[in-house]
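Each chain gets a letter, A, B, C and D, in the order it is written, and its residues are counted from 1.
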């Protein structure tokens, strides 16, 4: 029932907004739909925590602590982003950047995107997971090119081609997985159901699975933004509307990584070696380093934070790769924190950019003076994402780095350098935007800063105190992943 | 209900400070309330902290667990002798600084003041938590909160680009250091996510891993302390901050790094290798010499003090290094002597540097001038300040009978007694190290004469400085407290050491050879009266009696006729105050002698210039040799990384293709 | 070897041949025709697999392939070409012979890779996995070497063909839900491609992706 | 603490204050003789002091209290230093209060005060003198400490009394380390007491002077105290030298009978030392001020070498 609601509300919302998305109240409807989804996800979460994993509709859907936690984040960030997007879109419309038709497309696709994300998370079928991921690409492609500027078209095209090709590799991986599973589970629908695969994972053919994992990793890794498959990511983040950058960074990357992790569980079971983990660690470190060094030459504020997303995906991938209860726990925590913080930053960035009429960092100055809330939101958000305690990002980085030092000490110099470089690059730029003098006017519509500070407050809270039930939930999820 | 434990009191102080922080933010509309109420109240909390820490020094460690933090890892608190000692330092120094702040921040504008009050008290509270933390996570949280809050304090005046860049460098170095500390805890942890210090104490590491841990700790904490070559942020950040904040950073925050090094190397690690000590000592000596040389050539008074802080941190590190050497060779009595000197110096430095930074704050407030080249003669317009700062300057110069001398004396004693180490080379190294240390200490005198003489003595170099107003009552109280501390710590060393002994015992397992009970309170005899003894009280008394006696005799037997006249003008009547020797001139001999160490940029006018212009600048060569190449390397690498983002779809697809093929080959 | 298996092998070989042909093809219209032909091969081989292994749902797959890949998509592409008035030749970035050589190496590589796996397959079509992989890689290669938007898209669709072939030949097809989903995605994707062609054309006056190299690090 | 000790301490206190000008007079007289002049007589410093004490003091308009206070500090500081050195007996009740390091500290204290006072008026000479004085100081001070450390290393103590007792009652052994230390000590002593080759107490030539430049603004009783303090400082240094390198003949603890003999020995040693000082000064030429750091650096290195030699040779 809850699953039906979770998937039904955004789907319905997508259809409704396709009809009414150009109305004045469309942003509010969008937020209301997202709110409904969020409530449904809370309901589902409560049930999972109380009763443990469930399957539904002939095992086509499967909810365990791992994905329900992502479902909650997804629904929550989708809600706050919808809240943020309402004044943002009003402002954009007021500036004449978007026509009513575009707004309709935006709102409809926003809900559809939420739907695909939630479908990818809740489905039990590895094939449907693929379908949902591809659908997510398709919906967001239209959102990235929303402004129809040459740059946004270019970004969307690159996004489309690169992710399309990438995800095609994932399909090949899925086929190989099916190929291996079919011999154990027999042909038919069950051979792609994750629950069944998980049950027989030790009997799956290791050679096939390792090959499958390569394809899956390259495929879903493209969507996760792992270097060197990350090239679409900064473009897509920078050129789309800011709410979309927020959900891309906060949700899509997570869900793609979720797919990788699900595959890793199977491969680990089949191979009994650390093959998948090693690959993920390698990709994670490479992404971390490449992103860190890419940061310093950025001029566009959204590109800057897009690279920061790559960096953090690198860290999370690395942590999942390390495995073990602490690292996996930390990776899950980091996923949460990154989603919350990065979307908060994009909210603040969106307002800052809207205010100055440009995304070029050299033109954004003195935010603390003209609009202290945006300024502080950006400053604190940046400090949080850079891993400064007491914000929660630090909590997970703490566990990841200490565990890495204990178990894979060779990797830590890279982490140290990358984090240091990233800090220098991001902070030096943000500092000049936040501080200093400026003479910019105020915005026509007051910005929605509740989402920014709600996210930051959550991140701060989780940095200082993780409630036991939340911790248990993470722990269960970590135990599932292993 | 049992009696109130010191730990409860300390925690209460943290809560009070946090509450005051928030209150300051809420009440920012009323600046008078903030300055006249919140800051003095914060000072009272400092006193409570002082008392609690003092009572905790001799007691058994208190432990508490807070239901915060990571799952499986609630915040562990522990108040043992080491943390009590540093809390004592914090309480004592912050009491004076907070009192002073009540007066100093009067003129600040509303919004900034509220924020500043918030950050200030958060900074204080986080430093307490650093000392209390008994698990790695809480330590790091407190540590970085300290960094962030102080960063925002440093950038209070963020409209000035130099201040922004100073803040940036500060936070960057702090962050990199913090990651190193984090990695250090990573080695120490027991695995399975157990990060409590209790577990770390019981862990047994191999020599290799223990050394790695130590280096990471030295690097991480050294970055915070301003150890060479990680000191670059310090001379930028300290001058940029408002003076009470500089005082707090220099006087207290640097000591948290010292605390960290001591905690890791003597408490958490279960072995100490002698060559760690040699390394620490060498770095400390370099730091001390480097700091003092640069202090001697500075023309900005706060930069001068910042470099002097580097010097003092160097001296403290030398002490730690010496302790490590002794402890590694199981010469515990000597180790006790060295660690006592170290801790004593840390305590002293908090007082003296706090006092001096606050003093520069008052000067800045009264004259609006930081450049030594424009000050002068303030002893006439600000006599109270001049007297109080003189105490600090003499103490920092390491002169008896003030406190700076005592700790240097103890440290030199430790050096002198070091022969007898099993390694001959080490025995040879020790006198050289002692010589370098003595050189640094002597140069400190040079620096302080320059500092005090140029600011307070002579004639005002600018007209407007003559009208500088003296300090108000809050400032007097704050400065007076710190000056009193300098004096008392200087003349009652036995009492101080008696209390430091608790810490010494926990760190190296032994205390100084003699106790006050054996030799009385008057005489400081670290090992044996035959070998060395020092009594500042007697010395002080004799000097005072001597002065009084001389004055008395002179007054008694000779007439006191006195007349005032102009100073001798060397036969050149057109002299003005601007023609006095400047701070730069005062530093010139040092620059001349040690010119290899400085990057000197000078524009000297030719004799025929119509408008002669002189410009002199002394650069930190480590910037050019160490940091700029690193920055350039990072730049090059980032250009390479940028090349990845080539803009062409086929290239991107090729990456993907090659990655896929490579992985497939790898799988095969 | 059963006759049906021989047939499947034959069609697999033809598929690979067409992939090579596409790699070397300069004219865009022929490229579309080749793509349609590849779709036809796919349909036929799927039908044969369905017939020989009595997997009835594969008939649906074959029908779906026929409708989408042989009829709908080529028709759509032809219309687009006419509408957009693109008649130019396709200019590959690497010259054709070297492309072919690399392609050959890729085929050898994928056969090698697939060999141990094919041994494990229980299906009658096991030797075709290598061919499927090779055609996927060849299409990938084609996308890399082409500059214009339309051939890139055709390469992408051809890759999809290869994947589909892998699915049918090595595993008797994926579960129906999944296949439907994939088909839907392909369809929607193609529509979006179409929209994009118009938008790109409108914005850049050309479908050459060289105009779309502005977003980069300098 | 014995009464005899207390008595002895008071006696020495009085003694050093009273004979310091005499020593200065003796050195000057010897110098005059060596330079073929007849000289003003050994009592001339006393006459100078009396004359200065009778004059009216003239103070610069902007002199601060620090300026007026400094001569007293200087005088009592030097007095204390001289009173602590065991010159006639080792049983000095005050000596445990101040060891060699503290002694150096007292010298440094005096130097800092006189330098500050010199900067107080704000004339070119004062600051110049202060700068040079501190320059000399920061190099001389470590050298002096290293000399002391060498002696301390031999006697395993930094207490002057213990050092003297150890050195006075050892067998006559040549310590190579002490030889190095002695050379360094003499060099430091010349520098610290504003003698040739570092400074020339007899001129007011602005290019070279150090000490005289600092006290240029002092007059009358203040100047008298400063001059007297310098004399005591010279005495203190020479007695330290004697205590370290030629302690023979010093009276044992509470042995009043040995006192006259010790006193005689002291006067003899002072006379010899003063004469040699004069000889040394006459034979050497004044250095350029920029050469002073090299000179003092040499002294410092010699002192460090002394210490190293001690550890190397065990002697």
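One rule holds for everything that comes next: contacts are C-beta pairs under 8 Å (C-beta built on N, C-alpha and C of every residue); 3 or more make two chains touch, one makes a residue touch a chain.
All figures in this text were calculated on a predicted structure; none of them were measured in a lab.
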Third chains touching both subunit C and subunit B: A
Leading chain pair when contacts are tallied as C-beta pairs: B-D
Furthest chain, CA centroid comparison against subunit D: C
Centre-of-Cα separation between subunit D and subunit B, whole angstrom: 35
Intercentroid distance (Cα basis), subunit D paired with subunit A, Å: 78
Mean-CA-position distance for subunit D and subunit C (Å): 100
Cα-centroid distance, subunit A relative to subunit B, in whole angstrom: 43
Contacts with 2+ other chains: residues of subunit D: none
Residues of subunit A engaged with two or more neighbouring chains: 157-158, 161, 165, 211, 234, 294, 297
Residues of subunit B touching at least two other chains: 641-642, 644-646, 649, 653, 660, 664
Set of all touching chain pairs, with the criterion as stated earlier: A-B, A-C, B-C, B-D
Residue numbers on subunit C that touch subunit B, as the complex places them: 93, 109, 112-113, 137, 140-141, 143-147, 152, 209-210, 212-218
Touch list for subunit A against partner subunit B, complex: 157-158, 161-162, 165-166, 169, 210-211, 214-215, 217-218, 222, 227-229, 231-232, 234, 279, 290, 293-297, 325-326, 329, 368, 383, 386-390, 394-395, 397-399, 401-407, 409, 412, 415-416, 419-421, 423-425, 427-428, 431-432, 435-437, 463-466, 468, 471-472, 474-475
Subunit D partner contacts - residues on subunit B that touch it in the complex: 376-377, 379-380, 383, 386, 390, 394, 397-400, 405, 409, 412-413, 416, 419, 427-428, 431-432, 434-435, 438-439, 441-443, 445-446, 448-450, 452-454, 457-459, 523, 529-535, 538-539, 542-543, 545-547, 549-551, 554, 557-559, 561-570, 575, 577, 579-581, 585-586, 588-590, 592-593
Complex contacts: residues of subunit D adjacent to subunit B: 53-54, 56-66, 72-73, 75-77, 79-80, 94, 96-99, 101-102, 105-106, 108-109, 111-112, 115-116, 119-125, 127-128, 130-132, 134-135, 137-139, 141-142, 145-146, 149, 152-153, 156-159, 162, 206, 216-217, 221, 225, 290, 293, 300, 303-304, 307-308, 311-312
Residue ranges of subunit C in contact with subunit A within the complex: 55, 113, 116-117, 120-122, 129, 133, 136, 140, 143, 149, 152, 156, 159-160, 163, 166-167, 170-172, 174-178, 181-182, 184-185, 188-189, 192-193, 196, 199-200, 203-204, 209, 211-215, 217-218
